[in-house]
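In what follows, chain A forms one complex with chain B and a second complex with chain C.
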Partner chain A sequence: MTSATLSVASAAERPRRNYEMADVHHLASRMMLYLLVFTAVSVVGFPLFWMVLCSFKPGGELYATPPTFLPQEWTLQNYRDLFVQTNFPTYFANSLIVAGGATLLSLVIGGLGAYSLSRFKFFGIAAFSNAALVCYMLPEVLIVLPLYIYVVKLGLADTLIALIIANTAFTLPLALWFMRSYFNAIPVSLEESAMIDGCTRLQAMYRVTIPLALPGIVSVGVFAFNHAWNEFLFALVFTSSERNKTLPLGLATWIGQDNIYSWGMLLAGAVLVTIPVVLFYLLVQRKLVVGLSEGGAKGE
Partner chain B sequence: MARLEIRQVSKIFADHTAVSDVSLTVNDGEFLVLLGPSGCGKSTLLRMIAGLDLPTYGDIVIGDRVATRLQPKDRNIAMVFQNYALYPHLTVYENIAFPLRVRGADSRLVDEKVQWAAGLVGLSKLLKRKPRQMSGGERQRTALARSLVRDPDVFLLDEPLSNLDAKLRHSAREELRQFQDRVGVTSVYVTHDQVEAMGLGDRIVVMQAGTVRQIGTPEEIYQHPADTFVATFMGSPPMNLVSQGDVTLGFRPESFLPEGNYPAGSDITRISFRVHRVEYLGGDRLLYGHVSGNLPETPAIARIPSSVAYSPVLGSETAFAVASGDLRRFETASGKALSTAVPASERRLAHA
Partner chain C sequence: MLETRAALEGDRTLAYATLAPSVVFLVLLAGVPTITVFVTAMQDIGMGDMSGPYVGFENFVWALTSESFYTALWNTFIWVFGSVSIEMVLGLGLALLLNKTFAVRGIARAVILAPYLVPTVVAVLTWRYMFHDIVGIINAGLIATGLIDKPLLWLNSESLAMTSVILVGVWKFFPFAVIALLGILQAIPQEQYEAAKIDGASSMQQFWRITLPYVMPVFLLTALLRTIWTFHKFEIIYLMTGGGPLDATTTLPILVYLKAFTDFEFGRAAAVAILTFGILGILLGLYFMLIKRAEARQ
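Showing the complex of A and B:
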């Protein structure tokens, strides 16, 4: 009788939680995570935030001491100046063409090349893929001069096509290697099955392999776009006329044009340069994350 | 639906011969099983039928077309892969619809066919799922449904049950057979599991090291193995082989019984047996021991139903016997069966 009452009493009370080292580790890792996030936000986020704020301040306020945090007077003057006084729209369009073209070419050539590297075995293919990686080790500065000679000889000097080709050449090795590893992770039997189901090899690639490799393709696309969008050296060497300048080059040349930097316009320009990149990331980010989690769970 | 013929096919890879000079015919509507240990070339043979590999020599004929050099897509075959090869990015519905979509079929027809195929394998409620949200058995049935939507001439299956657990495998095997009876499509099934082969096949092709060892119905292969390889590969535990000079005697463990079990005067061959160990398996007992007496000492196994009252005495020689009709003879050097009494049905099929 007594034992029965006892067990009823203890059942009502929740058993004591036994803390162990793992709980401490869990807590510590949460704290580390928040510290890291805080650091990232302040180091990376704040300058961006400051840039956006300052682009709306009128000229005088930019130099005020002590600096104001929020603009006392919100103005779009900097943006207006940017479009009126400079060729900003041309630079912007050029950059879009170059970055878009280089991304497209990298994806098409790199994708087909990586697919071949991953699926076929023939003479020299391993040597080729290794040589491609070695090429990636050469810095831009080293290859820009020989490339310039080619560009001039081919009559492509001061054209956007030269920039597209040069940027593609630079991102291609990485695109090849990256996409190859993605293709390698996709079982060949899926393609074989598609071919038995009535596809040609290219159809099988288009309908099965590419959708599955999409996260890899997207990351290569982001990389190629980012590189071409920010690229400065090729643009500086290969183009000369105002008509063909890209954004980084345009902004840079125009910083040193006068003795006084027009910080307001520069900041407004910087905001507009950042927007497409951020938009592009937002657009593909979901695909990137979804793709990665899908790749994690083996869906054979 | 069509007849499939393999004419003197060999496949030679850079460093080894995977299939050597295989000829066989699969009749219209027949369920043929390619059986053999791993690496015997059965999967390579299947891939050549599918058009994924080109035979180094020989021809493959589907229906009345020589298909040796046809692309897989032009052969009108369907294949279920070992890992099912379901497209992870598509729903079950789209997976099943895939072969029709590739052919640009009208969407009303696609829907009709998909519903029919899904109903056939009992997947109608799961069409919206993605493959990774399904169990192994459901994936297998999806793969079956996908291979059926477009009425293939030949249906190829590459160890489709090997990824299932033992219990599921049993029911899936039954379903598969019922299903084939209903659809009646010419099928080639590859497996290394003799139980699957015996249970499913109209005929079995036993392969070893790239060559065909025997073609026959499950009964023929089990009762009249063409050589010692087939004799020991089929059956669990395998056939006992006792070599006696030029001739090797073979007898199945279940036909190796204590002499007292045979009615007096029946035609039996006496073999004395010394039991070392008894394994109780529920329905049967396995007696491990050595044959002795006038035969050379050789390890052997006897399988005695638990219903037979017999208590073995360990270590002492006991009089066992095999009905003479169940005794097989092989040539010791080549391993080939010496028995001249090949049943009529086997002879007919061998030349079919």
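Showing the complex of A and C:
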């Protein structure tokens, strides 16, 4: 009895004696942690930091050797040149149309399809969902050859419509897969109740299921928009005229022509292309991290 | 209730009507094109009306006997292996780091995630400016610290171009591994670590015995997924080097593009695309098999 009490007492005292040692050790490991975090963040973040910084440098500083770190003179000249000397506004509008169109198309079509996949049981359902996933994984370079042939034959070459439709080849499977899982999460019984209360099937879907799935639908929309906003290969292959270029294609054609388009202007363009992406990230931050980690298959 | 549910699940007309548009779109945009590629690969198609005489397997024979195909295959291997292995190691390291609790975690996570969200063309522009022979910050930094004494041609030398492209690819895509691995790290039951601590396990032992086994399935799956995506990545290489200098960074997707839209040999391009797809098909099969097995285990 006494020996038991004693051993408990000494066990309680032992940590207290080691307290100082542990404290030093703890402090050292915390400092190490912050040092690692600082290194990682500065190395990974540097290119973007540099892009923003240099977009505010005047021409002379951009071509200085060795380069200046902080701009000695901050200027908006690069941004002004972008709008005055180039078709940047046209590219921007085209990208909005293409990404917006592809998003709308995949949300409407994919939303209906996902509802069907989630709510009905019929032959071939598993086969179709797997086929949709395979579509999403098809290499773009494989699809672009036949699509180009069709586009030329249909007389749709160099149009934004061709780009909108081609983009849905990838955004539609994405929408199908994501929205099906969102619909699966909404109990069927809610729709049943609505129907017992006198709603038709479509009314139940429209009034109950879709409002409940709205956060999911928004984040799918953001993914789809982002995909189409960044898309490059289809734009490169389908587009030939200046007035139908999207942002990635427009900026890409300036690369390597630094006698005409200064680095400052290019970097300013890069900053402006990134801004919508950043805004979207802030909008769906939580969803994004959850979505990406839950289903790697549906990420990119 | 049961009757309604049966009615809900059995409404064939609505089921097919809502699914039909998706089926039509995917068949026209992915199904038919995939079949068309096989037809195209049997033809000798040039520019113009997009049709040409059938030549059997001639285009495949050309591909399998041409040096450019094997160079591209080898380059693809280097590109995929280099990128994915670095991405995964870096991804695991940073996921472990971000899994710790510290003051500015939200900001650190946002910065580390950023490259993945940035459009590829933006990443390429920024890096090309940084890699620039004369005005680039990388050469300037290396010269200032005395590591090199004259500028390196990061993108314009055959020996360095692939390394540079891999570096940019890793920077752009490693956050995917971070996110995937962070998700699984946060799912490890904390009791396991507490039990291990009581048993006197060091943090190294905890890593090898608890963390790594727990993370491994997701780690492998993420690596495979990254392999598939890196394999058919096009625009990052195309925009960094265009496949050059000479064919130093010409991977299979770049070769397909160049054959079709620079040489205007659609048949040959299609043949290379199919061979690429074949290799990718093996990887995809492996991926679905692993997914099935993981689901079965759950």
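By definition in this document, the second predicted complex is superposed on the first by the 222 of 300 C-alpha atoms of A that agree within 3 Å, B and C clash if a C-alpha of one lies under 4 Å from a C-alpha of the other, contacts with A are read in each partner's own complex, and residues count from 1 in each chain.
Note that in this section a residue touches a chain if its C-beta (ideal position, glycine included) is under 8 Å from a C-beta of that chain, and two chains touch if they have at least 3 such contacts.
No experiment lies behind these values; they were computed from the predicted model shown.
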Regarding the shared-chain residue A:E192, is it in contact with chain B (first), chain C (second), both, or neither? both
With both complexes superposed on chain A, which partner does A:L156 reach: first (chain B), second (chain C), both or neither? neither
Touch count on chain A, higher of chain B and chain C: C
Per the contact definition in the header, classify A:L212: touching chain B only (first), chain C only (second), both, or neither. first
Could you tell me if A:Q203 is touching chain B, chain C, both of them or neither one (first, second, both, neither)? first
Contacts for A:P146 in the overlay, against chain B (first) and chain C (second): which applies, first, second, both or neither? second
Going by the contact rule set out at the top, does A:A93 touch chain B (first), chain C (second), both, or neither? neither
Residues on chain A in contact with chain B in one complex and with chain C in the other? 189, 192, 195-196, 294, 297, 299-300
Chain B-facing residues of chain A, complex: 187, 189-190, 192-200, 203, 207-208, 211-212, 294, 297-300
Residues of chain B touching chain A in the complex: 50-52, 71-73, 75, 77-79, 81-89, 98-99, 102-103, 130-132, 139, 146, 150
Give the list of chain C residues in touch with chain A in this complex. 1, 4-5, 8-12, 14-16, 18-19, 21-23, 25-26, 29-34, 36-37, 40, 50, 94, 97, 100, 102, 104, 107-108, 110-115, 117-130, 132, 134-135, 137, 140, 143-144, 171, 176, 179-180, 182-184, 218, 221-222, 225, 228-229, 231-232, 234-235, 239, 253, 256-257, 260-261, 266, 269-270, 273-274, 276-277, 280, 284, 288, 291
Can you check the complex and tell me which residues of chain A touch chain C? 30, 33-34, 36-37, 40-41, 44-45, 47-48, 50-51, 54, 62-67, 109-110, 112-113, 115-117, 119-122, 128, 130-132, 134-135, 137-150, 152-153, 165-166, 168-169, 172-173, 176, 188-189, 191-192, 195-196, 201-202, 226, 229-230, 232-233, 237, 247-248, 251-252, 255, 263, 266-267, 269-270, 273-274, 277-278, 281, 289, 292-294, 296-297, 299-300
